[in-house]
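Note that chain A is present in both complexes that follow, paired respectively with chain B and with chain C.
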Partner chain A sequence: MFSFFVIPFCLGVVLLLGISVWKYIRWIRGFDKRQQVIIRRNIWSWRFLPAIWEAFREGLLHWRITKHHLLLGYMHRSLAFGWFLLIVVGAVQAILACPGGHPFYVAIFFNFFEPRSERIVHFAQAPFYANLMDALLIYVLSGLCLAAFKRVWSRPLGMRQTTHHNLIDRIAKLSLWCIFPLRLLAEGATAAIYGNGGFLVTGVGALMAAMGLDNEIFEYHLWVLYSLALGTFFTLMPFTRYMHIFTEIFLIYFRQLGLRETVRKDGYTLFELSACSRCGICIDGCPIHDPLGIHDTQGVYMLQNIRNKDVWKQAERIADNCLVCGRCSTECPVQIDLEGIRRQVRAKGKEAIDKSQSYGYLKSVHPFNAMGRIGYFGGCMSHLTPSITESMERIFRAAGQDYWYMDKERTICCGRPLLQQGFVRQAEELRRRNSELIAQSGVTMLVTSCPICYQSFTKEYHLAIPVMHHSEYIAQLLKEGRLQVTPSEQRIAYHDPCELGRGCGIYEAPRTVLQAVGELQHTRQEREQSLCCGINLGDTVISGTQQAQVRDRAYENLVEGQPDTIATACPMCKKALARGGDTPVRDIAELVAEKMK
Partner chain B sequence: MNKIAIIGAGPAGIEAAATLAAQQIEVDLYEQGERPLCNIRDKAFLFPNFAEAREVADRLTAKLDNPRIHLHANSDVDHLTESGDGRWIVNGETYDRVLITTGYRTFDAHRKEELGYGIYRGVHTSLEMEQMLREGKIVNANGDVPQRIAFLQCVGSRDEKTGNLYCSKLCCVTAVKQAIEVRKLIPDAEIFIFYMDLRMWGQHYEELYRQAQQEYGIRFVRGRISEAGGTYDGRVQIKSEDTLMGLPLKITTDLLVLMVGMEPSEGTRKLAEQCRICGDYGFAASADPHLDDNRTTHRGLYVAGACKRPMTLTDAVNDGRSAAVCLMGE
Partner chain C sequence: MNKFGFQISRPRSINMDLSDDGRREQLLEEVPSYRLCIGCGGCTATCSAGQFTNFNIRRSHTALACNQTEGLAAQLDSCMLCGKCMLVCPRGVNLRGLIIRMRQMLGRV
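Let's look at the complex of A and B:
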């Protein structure tokens, strides 16, 4: 059972396996030391079970993409799961047909060898398998048609923009797209001559014959082309976006083992970079894509640029131009830590720390004995919106809560703005002093008015006390009856701050509070889909005018229902939106303080 | 003779109307408010010679005593449209020529929330300071005589964050003038002026600035105020940086006076948009800033005064007169 046309395919498989294994070994060896410890500790656990389930659900069924858009999910699923089934069912078919064993390529080119080799026997369910294979081929081809359609018009598949691919990706895609039609034609030609195969290929064969094609001549050439397409695709796979097919499975497994992005690029990052399928789902939501026409800094392009090391310099420019609103990470079906990777690029060359000058003041901020009280950390941004901190103080007093306003006089930043810009070590210095101050003061809980600080305290600090954003705290006060408010009829549109919503998953608490003081309106893009206010500290590249353009989008979304008030829970969003138009913008703390009984 | 309408009875509008009337031309002068010159009447004294604002306003208003000037008070101009034959329709009346002199409004200090206006009782705008000066009584939040007063320049001007990149031109000298007046009322108070740079461009301005330092002991600090906070005794704590010394600065003051800049008035914005003569920041644009500063890109439509850009009283009066000459010549 051999024919020369199988050589390109076999060569492709060998190259694919060889290169992939070599790459994976290199990446795994490149893991950060701490990552290696985590792997060793968790490798003998049951965590591989959920990993298998997730790999099946995401790698083959593409569940998250399906949730994003039904048809788009179908397209991805039919290509991945369909092809997977073709391979599996083909292998079973070959095993059943060849009791004496067979070379591995026979399963792929079964229809070619079936009528020619006497070692392939006719088994009882042979017609069933032949028809099943044809049904699967239709399934894959339907996905292929959608994929081609998407290139022309992507909106029906839930995407306004599709990724702009580089040359080698396009060549690989072309070879992938050729595989299945060529298989159909090759099997059709064989069916026309030998009468084997299922309902589809027999029909195609008959059609080819009816069109006057001499299948005797074409058949072999078609099988050669089919094998060449496979071989080309497999050879290119490790160097293109199609590397994600295997890499995603590894990434899912590592993530289940407990690995996360560290401050520096390491082996795990390389897995994440290659796990990106460049599906482009991250593009549409990006707040600087449409309004500002910045088309090369979205997650997919950032990862692509880091993977192609030769344009590393550009990667820095790309990494800097991002609001870090987290929209793309939320949408990413592979759940790649885009923010973490962006921070790694930003951190390049920023390790040096100037302790002599810039950090001298840290020691001059003294702790205060606030044993048993709660700590209130307004945050730098809330100092620029004093109506928020004033309202919070009124709320504390009304609830009879003893508090210590820890950054009233002298402020140490929570460190997150520095961290976002890649100043990892510098941020650490600030966190250390703040942690000391909090521990020494003896406060029992920390309440903060700024979602940036909140995210920092909950994720980057390791405090022994609970931390609450003021929206959660007020919601709790209302629930416990320690604070009473008079409801009103004012219509309120709520803006989800990126750092509080997507960043920390707090969507309900602010809404509960707002429902108590007014009538909460729905907006078209809210919760996970909320739009960035534009002055997030993440982006140091865009200008004030461009920030205003980003803000206008968010503002328009909020005022669509003509609310009396726009409410938000972030001092920065408040400042940004207040400049957007005439509708008053208030923090939820202000609205509550105003309506307190 | 042609029918002429002037929209806005401020210095530019009144001067233009008076100039035209002196040439026996009938003028309809529309004013949104009850009385003309409201932006002058809320001042106490005028820089640089400390003339009494009311007295100047009365002299200007007296120019309206002319039977050819028909003042329409309390009439807001909602619609200004081109009739099609090169004429203009103002509130239903057709005119051959229209002069827009709708002027400015001051920047709303609430928009700079970090400065605490509307939140702390010790924070005032320069307009409120002017009112206290008019009444001759300056008090802090507790009703006492203030011991320390800080003025902050460039609130809502030269500020990227509020979107106003331009200089309002006359706040510098206004703060110096107000500081001197405060000194005359409270001889022992500490008075600070926080500035980015002082633009003493007009006649006698520089001398006034020198006097303020030498004779009146007013202290000038180069630095913006980043934030204001309240203290328990109703005073205002301000954080700034003395950029000449290179040191951060934190002081507590009884009063913080925000020198609010000039923005196009509602009327200016509305009419500029309706007539498609929008300039920068919502101001109205003339045809050419050098040689044709009163005509616009539309025939029969003219602009004068602070609806074009920040302007002092003197400049606005001169511009109104020049617009009148322009109107007569056509």
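Let's look at the complex of A and C:
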């Protein structure tokens, strides 16, 4: 059972396996020390079981993409799961048909060898398998048609924009697209001559004969082309976006083992970079893509730029121009830590100026004894919105809560804005000073009005006391009956701040509070899909004018239902939105303080 | 030195050889919105680091343009990037970007 046309395919498989294994070993060896410790600790556990399930669900069924858009999910699933089944069913078919064993390529080119080799026997379910293989081929081809259609008109598949691919990706895609039609034609030609195959290829073969094609001449050439397409695709795979097919499985397993992005780029980052399929789902949601016409900084392009190491400098520029609103990483079907990787690139660019001792002056802030009280941390931005901090003080007093307003006089930044920009050492210095002051004061809990500080305190500080955002705190006071409010009929549209919603997953607490003081409206894009107000501190490239353009989108979305008030839970969002139009913008603390009994 | 509340004024002169337009031009290129600055000083008034030190954003970028870089890098290091300056800027200047680019510019020298 051999024919010369199988050589390109076999060569492709050997290259694919060789290069992939070499790459993976190199990446695993490049893991950070701490990552290696985590792997060693968790490798002998049952965590591979959920990993297998997740790999099946995401790698083959593409569950998250399906949740994003049904038809898009079908497209990805038919190509991945369809092809997977073609390989598996083909292998089973070959095993059943060759009791004496067979070379591995026979499963792929089964229809070619079946009529020609005596070692292939006719088994009882052979027609069933032939028809099943044809049905699977239709399944894959339907996905292929959708993929081609998406390139022309992507809207029906739920995408406004598709990714711009580079040359090698496009060649690989072309070879992938050729594989299945060529298989159909090759099997059709064989079916026309030997009468084997299922319902589809028999029909195609008959059609080819009816069109006057001499199948005897074309058959072998078609099999050669099919094998060439497979060989080309497999050879290119490790160097293109199709590397994501295998890499995603590894990434899922490593993530289940407990690995996360570290401060600096390591082997894990390389897995994440290659696990990106460049599907482009991250593009549509990006708040600076449409309003500002910035088309090269989105997650997919940033990863692409990091992978092409020679354009590192450009990656730095691209990494800096992002609001870090978190919309893309929420929507990423592979759940790549886009923010973590972006921070790594930023940190790389700032290494030379990231000094470890910049804030000696903070020694002038002396610890205060507030034993047993609640600490209130307004945050830098709240100093520009005194109405929020005053409302919070009124709420504390009304609830009979003894509190200490930590940063009333002079405020020390929480360190997150620095960390977001990649100043790792400087951010750590601020965190250390704040932690010292908090620990020495003896407060029992920390309440903050700024979602940036909240995210920083909960995720980056390791405080021994609970931390609450004021929306959570007020919701708790209302629930416990320590605070009573008079409901009103004002219609309120709530703006989810990026850092509070997508950043910390707090969507319910502010809504509970608002329902107590007014009528909460729904907006078209809320919760995970909330639009950035534009002022988010993540971006150091765009100007104030551009920030205003981003804000306009968010504002339009909020005032669509003509609310009496726009509510938000972030001093920065409040400032940004207030400049957007005439509708009054209030923080939930203000709304509650106003309606207190 | 005793402070008498007055001093003998020396003739004020500007050393034009020191001024470096190249740096200002480069800053303008990297942070185009810097062109909009009217020097109102709102950024400096609200600055978080300014509450603790004599860090002065308005003076810093003028100083860099005039090549008066002595001690400037250390001053810029005290910025906490909290972003209050951008929120109060009436002209929408990308001040955090400006500070980072200035630090990078001085760091390269």
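Everything below uses one rule, namely that the second predicted complex is superposed on the first by the 588 of 597 C-alpha atoms of A that agree within 3 Å, B and C clash if a C-alpha of one lies under 4 Å from a C-alpha of the other, contacts with A are read in each partner's own complex, and residues count from 1 in each chain.
Note that contacts are C-beta pairs under 8 Å (C-beta built on N, C-alpha and C of every residue); 3 or more make two chains touch, one makes a residue touch a chain.
Just so it is clear, the structure is predicted and the values come from calculations on it, not from any experiment.
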Notebook entry, point to check: After superposition on the shared chain, which partner residues are touched by A:Ala578: those of chain B (first), chain C (second), both, or neither?
Noted result: first
Checklist line | Touched partner set for A:Leu384, first chain B, second chain C, both or neither | finding: both
Note to self: If you tally the residues of chain A touched by each partner, is the higher count for chain B or for chain C?
What the structure shows: C
Check: Just chain B (first), just chain C (second), both, or neither: which does A:Ile353 touch?
Finding: second
Note to self: According to the stated criteria, A:Ala548 is in contact with first (chain B), second (chain C), both, or neither; which is it?
What the structure shows: both
Margin query: Contacts for A:Pro417 in the overlay, against chain B (first) and chain C (second): which applies, first, second, both or neither?
Written below: second
Notebook entry, point to check: Which holds for A:Ser364: it touches chain B only (first), chain C only (second), both, or neither?
Noted result: second
Item checked: chain A residues contacted in one complex by chain B, in the other by chain C -> 383-384, 544, 548, 575
Checklist line | Of all residues in chain A, those that touch chain B in their complex | finding: 383-387, 390, 408, 544, 548, 575, 578-579
Check: Considering the complex alone, what residue numbers of chain B touch chain A?
Finding: 111, 113-114, 116, 119-120, 160-163, 226-230
Note to self: With touch defined as at the start, can you tell me which chain C residues reach chain A in the complex?
What the structure shows: 31-33, 36, 46, 48-49, 51-53, 77-78, 80-84, 86-89, 91-94, 96-97, 100, 103-104, 107-108
Check: Can you list the chain A residues touching chain C in their complex?
Finding: 350, 352-353, 355, 358-359, 361-362, 364-365, 380-381, 383-384, 410-413, 415, 417-418, 421, 423, 426, 430, 535, 537, 540-545, 547-548, 572, 575
